[in-house]
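Two complexes, one shared chain (chain A), two partners (chain B, chain C).
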Partner chain A sequence: MRQRSLIAITAALAAGALTLTACGSRDEDGGSDSGSGGTTVTIGVDAPLTGDLSALGLGIKNSADLAAKTANKEKVVDGVTFKVEALDDQAQPSSGQQNATKFVADKNVLGVVGPLNSSVAESMQKVFDDAKLVEVSPANTNPALTQGTDWQTSKARPYKSYFRTSTTDAIQGPFAAQYVYNDSKKKKVFVIDDKKTYGAGLAATFTDEFKKLGGTVVGTEHINPDTKDFSAVATKVKNSGADVVYYGGEYPQAGPLSKQIKAAGAKVPLVGGDGIYSADFIKLAGASGGGDLATSVGAPVEELASAKEFVANYKNAGYKEAYEAYGGYSYDSTWAIIEAVKKVVEDNDGKLPDDARAQVAAAMQGVSFDGVTGKVSFDEYGDATNKQLTVYAVENGDWKAVKSGTYTG
Partner chain B sequence: MSGVGPVEPGEGTRAWDTDEPGAPPPPRRSRERLALWYSLHRRAALTTATAAVLLAGGGYLYATRPQEPPPPAAPYPAQVVDVTYLEQVATPMGVRPRTFSFAVVLSVASGPPVTVTRIAQPYAGVSVTSAPQAPFPTKAGSSRKIVVTMRVTDCGKTPKSAGLPFLDVTLRNSRAIQVQSYILGARYAQDLSEALQVACSNDTG
Partner chain C sequence: MNELPQQLVNGLLLGSMYGLVAIGYTMVYGIVQLINFAHGEIFMTGAFGALTVYLYILPNGTSMWIALPLMLIGAALVSTTIAVGAERFAYRPLRNAPRLAPLITAIGLSLALQQAVWAWYPHAKSALTFPEIPGGPFHIGDVTIQTGDIFLLVVAPISMGVLAYFVMKTRTGRGMQATAQDPDTAKLMGINTDRIIVVAFALGAIFAAIGGVAYGLKYGQIDFRMGFILGLKAFTAAVLGGIGNIYGAMIGGLVLGVAETLATAYIADIPGMDQFGSQSWADVWAFVLLILVLLFRPQGLLGERVADRA
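Up next is the complex of A and B:
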């Protein structure tokens, strides 16, 4: 009798404990490990992971990784675990093309995020398109990648498998020109570029708009991105009487260029695009870089609640490198691939079809979600429909947003 | 002694199982007392234990209940407002020469009402008015047509042609006041360029 009663108490306590344990599990993560069975889908990442531009590249890689981990944790696609595989293109088109070939050869790769550089993208697009492997760049801004080389007169999409979440230089260059001419009241510009696809293209769209506004181009120069001695160009800027310098290129050259122009005696701001919007630019430009300007894709992070969440999650994930200018866009690019995979799996009774790559590429056109950088979807050219951009100025050793715009044309 | 018998008690020792006459009864071992108490109050004990478990479980559930997330902060106005170009429209009667008008549509996607407090454009030689006149509010989920009328005040300070012109719209909601540039696209650029040329050719001609 006594034993029966003790058993009853023990049973009651055990039931209570089990109840508590069960209650406790509702707040847990639901398992982020890949051992849950099902299919593993690889999302490739191509970016410069070493070299001068690695700050931006590593931010892209880490942000893609965060998106994949989040999707696994939240079991966004039932039965599918996402894995990120990153390859280093060293900002070189030839390396990018080799990486594209490697990704194509791996049948588990259903989408690729990247690259950073428009010149690298040019070398990868056809490789991916032939394999119907979707590519979503978080950073390419050259208009020709989506709208064809004659984009100014007749737009024609060259590759159906190529998409991007960033806006283009067709908007970025003119927006910068309007800010420089109308807001900063600068009328004489010296235009410099690094002869690369991105830099030369951006400088061209800036120059075109600046002239239309009534501004004067008092000099142009091309620099060699492999050197860091720009003293000859700096002297030309000084002698030109320019009241502003526009640079089409990236921060590893833009920082020293800004510093050397000021050192030569031309106390004029250097203005660039998203390629110089990096904390490393401020370090390289030094104290005299105060007042330099950069346009970058997207709205300022502090305006977007979704971006704040991304920033917090990125920090909690413990990545060593900053997410930099394209972190949010990389997360959204990765998430777009995840959404496309989800659509394909759901439409195929919960399994990946045999022609998954082609179907994912097709599904990407219809993807639409609220991402880190706002609403994410793509137009008929594969360009982001969300076309916001912001002008930043270097103030007290940091970038500060000074004007934001939205393209609604 | 063979050593197998009990050791005789020495001084100060006594057998544990014998009560000495007159000595108080030794305290019962606590397990025995608990068992005795339990045998007498079994139902009460079970009820109390069950109640305690339920109370603890309930308390835990209450303490860890899913919290309603705090209401999200209102979005920044620029993130919920869209301004798109509609067409060139006839200039309202009674305005001065060298003026032209465009219609745009402003829509608010979500959040609290957004008030347009100012509409401007970047060229120094052009002034802007609007109908309705700012400030005017627009509720979430609705849109309104705005006629923007521009007057050329100085042809020397207007662009020869507009590549990618924009309107600067000052927006206010309960979250923030922002000036957002709306780049209205190629059709607006073309219409604006033509209107500027006409306005300034009349001036010189």
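Up next is the complex of A and C:
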């Protein structure tokens, strides 16, 4: 891992060097002219392409790639060819920031899709905002990213260049709490998180709503994501008498955690957020994971009429990896960037203006189209206006949608 | 219900695994004063070796009772080959170099092995599922023991006993003790120290391989990074027990495992310590314990000599 970060540092240095070179060549215009007279616009993708979370990350990358290819084929923007460049952040905030610097240094990059992790997004936002480079995340759900750290009391948007197509944990946590309390009829919860931006935030919004509904929190625990031994925690869960476990975090830990809790003798379901909604969770949780629940953003892609084409195209494109939880959202995020570029180009007589990045960021606010996951548009904070969520349950080794809806307070 | 017996068992199981891996650190250190930081990866490759035997060599659906011994042999073969190869080609040429050179080599080797498995083992870019021993958990009073843990409970003490016998009673074992005490004089007495060093690496690797199989059976999954943190913990266990002492490695492992587990289970119950009690703090408490032990016994719990060279 250290070796790869050395490469990343070298990359960052190289990116820095590129920035300096870029200073000396201001006469170039926003996009590079390709031989055929068209312009190539690069859409950056930042996601974990290796490591534990790579299943989700590769789904994001492939879906973004599919969107760019579709736009090129259908000639959505006249004279502009889209190219996707994906960088690996290994789910590490430091790598994410280096990638952000690299994207900023590449003048052809007019928008970035990603990242997967809220903690990574935190480290990237300012870099992108300083460069007025638009970032659209298909997966970040931490409310503070768009509504400021005091989002519970006073909302204030920290960065104007950051948007997301997924909904937030301010809705996801309470939505899960309502399902667990009202539909599953579980009243005693044991709350566990991994202390990361996403996990801790989600666990907190869940806990607040669960208590408000009248449920009891019989125990809390924070696990160390570097380990696979949760036996001590599992024993605590068993002895707490909880009838459900809520986990704020991601599937590489959630899978073994679910398995070890059941092995310790507590036959209670584990409930998590979109971070555990992956086929890999089922693989890691093993046979005892049946009945575990996850909430995830949006309605199930397979069942949406608007997503049929995406699902078919994805299959035909022959990607090795599944599109996973965020495929539809990644496609829509990429498409939002394409729409914004289109508007900018059309307003400028079919050419990219010199300050293309700032204009794309401004145009993003007004983007509105019918995407894979439904209507895509952004509110005043950069959050998706589509706030749908779905509860999934593990059944016979597969995720099965059980209830779609949203949280209305 | 009283939670303590179960938590102690949890800790002892975790500790046994630390102990198995710690043996390799301590034996190599005792004989060549090298901290073999690649040992965590030897443990990891052992687990992958076992998985390879299960997935690609044995026919599908082989009973675990037949598969397990063969998997152990496969694991030991892979680990030993890599450890002995590392000794021969990476450490031996540096035997008389300044101490930092082999240390840095070991760290480099650790990264190289991780990345090699990541890049070339099929599907190793995310966690792989490891076969499990069938059969439900066993209950003894309040204590629940998983089938996968039985292996660890049986194999760890037996292999420790065999190792103690080997080191104390056999010719090669006494040769190891002599080499550890004074390599130059041992050489003068006719001991082939090069061979002894290879034996130390190989024995350490076999224990790491057993640990790797135990890890797979216990957690049901292995990944290319599993050796990094576990290796660090096992090294800590070796220092805690007294590096260079094989009994110390096992005791150090058990103490570390129990300390981590009890810290997770009970620190939060102490009034005012609520926020320091979760599992994410268990490592902190384990290292506080290490510092305390080293303050009062710099040679470790069972160590005889002060570790004067690093």
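Note that the second predicted complex is superposed on the first by the 367 of 409 C-alpha atoms of A that agree within 3 Å, B and C clash if a C-alpha of one lies under 4 Å from a C-alpha of the other, contacts with A are read in each partner's own complex, and residues count from 1 in each chain.
Everything below uses one rule, namely that a contact is a pair of C-beta atoms (placed from the backbone, for glycine too) under 8 Å apart; a residue touches a chain by one contact, two chains touch by 3 or more.
Just so it is clear, the model here is predicted, and its values are computed rather than measured.
Of the two partner chains, chain B is the only one that A:214 touches; chain C does not reach it.
Judged by the touch definition given at the top, the superposed model places A:374 against chain B, while chain C stays out of reach. By the touch criterion defined above, A:357 reaches neither chain B nor chain C. Of the two partner chains placed by superposition, A:342 touches none, neither chain B nor chain C. By the touch criterion defined above, A:178 lies against chain B but remains apart from chain C after alignment on the C-alpha atoms of chain A.
Applying the stated contact rule after C-alpha superposition, one finds that A:403 touches chain B and leaves chain C untouched. Within the superposed three-chain model, A:305 lies in touch with chain B and out of touch with chain C [touch as defined at top].
In the superposition on chain A, the residues of chain A contacted by chain B and by chain C overlap at 2.
Interface of chain B with chain A (complex): residues 35, 38-39, 42, 45-46, 49-50, 53-54, 56-57, 60-61, 64, 66, 72-73, 75-76, 78-79, 82-85, 122-124, 159-166, 178-188. Those residues of chain A whose C-beta lies close enough to touch chain B in the complex are 2, 5, 8-9, 12-13, 15-16, 19-20, 23-24, 26-27, 171, 174-175, 177-178, 182-183, 208-209, 212-214, 299, 303-305, 374, 387, 403-409.
By the touch criterion given at the top, residues 1, 3, 6-7, 10-11, 13-14, 111, 114-115, 118, 125-127, 129, 132, 137, 144, 146, 219-221, 223, 225-226, 228-229, 260-262, 264-265, 278-283 of chain C touch chain A in their complex. Partner chain C is touched in their complex by these residues of chain A: 1-4, 50-52, 54-55, 194-195, 220-224, 226-233, 235-236, 239, 252, 255-256, 259-260, 263-265, 280, 283-284, 286.
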